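Report on the structure given below.
As written, the chains take the letters A, B, C, D, E and F, and residue 1 is the first residue of each chain.
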Amino acid sequence: MTEWLPTLQTETPEDAYELAIKLARVAVKKTQSDAEAREALRADYANDADALIAVSHVVAVNFATIAAANSYWRKS
Amino acid sequence: MTEWLPTLQTETPEDAYELAIKLARVAVKKTQSDAEAREALRADYANDADALIAVSHVVAVNFATIAAANSYWRKS
Amino acid sequence: MTEWLPTLQTETPEDAYELAIKLARVAVKKTQSDAEAREALRADYANDADALIAVSHVVAVNFATIAAANSYWRKS
Amino acid sequence: MTEWLPTLQTETPEDAYELAIKLARVAVKKTQSDAEAREALRADYANDADALIAVSHVVAVNFATIAAANSYWRKS
Amino acid sequence: MTEWLPTLQTETPEDAYELAIKLARVAVKKTQSDAEAREALRADYANDADALIAVSHVVAVNFATIAAANSYWRKS
Amino acid sequence: MTEWLPTLQTETPEDAYELAIKLARVAVKKTQSDAEAREALRADYANDADALIAVSHVVAVNFATIAAANSYWRKS
């Protein structure tokens, strides 16, 4: 998993949002490195409202970081 | 779901709040892409105080980001 | 629920705190739009320590946003 | 409960920490206004590790806000 | 517990991290003032993965505050 | 565990992410100092979706701090 995060700069807010999801997932991968084990858990959280809201929370924190890194894509 | 987030700039704080809710929902959609499965979960979280508070928390984090992006709509 | 959030500017920190509570509640209202359903849940969270702490957390996040929006009411 | 939060400015970081605790408590009071009900819950959270950690989390968020409001008491 | 937090300025990031842990603990102490009661809870959270992660979360929030207070120890 | 955090400056965002994970782990180590006890808990959280999401959340908070410390690696 080399060079998976070359920069926090993104062209658009949408790209940033995708990157925020990626950041959230990498922490999970690095804690549970077994892909099968992760896949087995997927059914759990994908059908659990609390887990889905928690995922959304982590994405929100990462998105905040990336948005700040891009100065919120303000037109200067 | 193309061009769902063209900008973080909003006219008013209320528009920002709506966008914050949208941001919270998109992370859920991207984790559970099955609309029926999401609908099935709706009864769970809409009638669970803890889940509703958790949703409000995620919206708060997203709103913070969008508010900063708009320099808090301060009159300059 | 039009014009419920015309501005993040408040006269005092206390007004900001009230607004932070309002922001926390609106996300709940927009997720569970049935007033009776919300009222039914009230007994749950108002008598549950964990839920009350969680509410306080959401208010804290919103208060941070509003305080920043007001430059912390510093005397310039 | 008038004038409970006249300012976010404090003389010292310790005063700020006390204010952060106060902010955390006020949200609880405004959600559960019955003092007896709150007292009844006290035994619950004061003897529950998860609840105590959650309280500490809310205080941390409020402290961050107050510290920023005071420019971290940096000597200029 | 007087003068336990004279300043947020630290010499190094490591000192800041220790201070972040201290900040997290003080909120617990001020909520549960009985040292024996706290000690009794220790076995609970020290052997519970969820509690340990929650502790780490609170430390992270406090560390963010202290790091900002020190301008991230950037060499100017 | 001396000199484990000499600086928050990193060459790349990826190095920052690794450091964010390290920061998250140190708080756990300092709360549960027994390596065997920590190892025993590993099976718990590595196979629990909620715990993995919570870990990702802590990493996100630490990453935000480190990213700010590095001015988001913007090319000036």
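One rule holds for everything that comes next: a residue touches a chain if its C-beta (ideal position, glycine included) is under 8 Å from a C-beta of that chain, and two chains touch if they have at least 3 such contacts.
In this text, all values refer to a predicted model and were calculated from it rather than measured experimentally.
J.: Hey, what chains does chain B share as contacts with chain D?
T.: C
J.: What's the call on chain E versus chain F, same or different interface residues, using the half cut on shared numbers?
T.: Both copies, chain E as well as chain F, present different residues to each other, with under half of the numbers appearing on both sides.
J.: Averaging only over C-alpha atoms, locate the centres of chain A and chain E and give their separation in whole Å.
T.: Computed from C-alpha means, the inter-chain centre distance equals 27 Å.
J.: Could you work out how far the Cα centre of chain A sits from that of chain D, in whole Å?
T.: Between these chains, centre-to-centre, one finds 31 Å.
J.: Quick one: chain A and chain F, Cα centre-to-centre, how many Å?
T.: 15
J.: Considering chain E alone, which of its residues make contact with at least two other chains?
T.: 45, 48, 50, 54-55, 57, 61, 64, 68, in rising order.
J.: What is the shape of the graph in which nodes denote protein chains and edges denote touching chain pairs (line, ring, star, complete, other)?
T.: If you draw each chain as a dot and join those that touch, you get a single closed ring.
J.: Under the stated contact criterion, what part of chain F meets chain A in this complex?
T.: 12-14, 17, 21, 45-50, 52-57, 59-61, 63-64, 67-68, 72-74
J.: Which of the residues in chain C come into contact with chain B in the complex?
T.: 3-9, 23-28, 30-32, 37, 41-42, 44-45, 48, 50-51, 54-55, 57-58, 61-62, 64-65, 68-69
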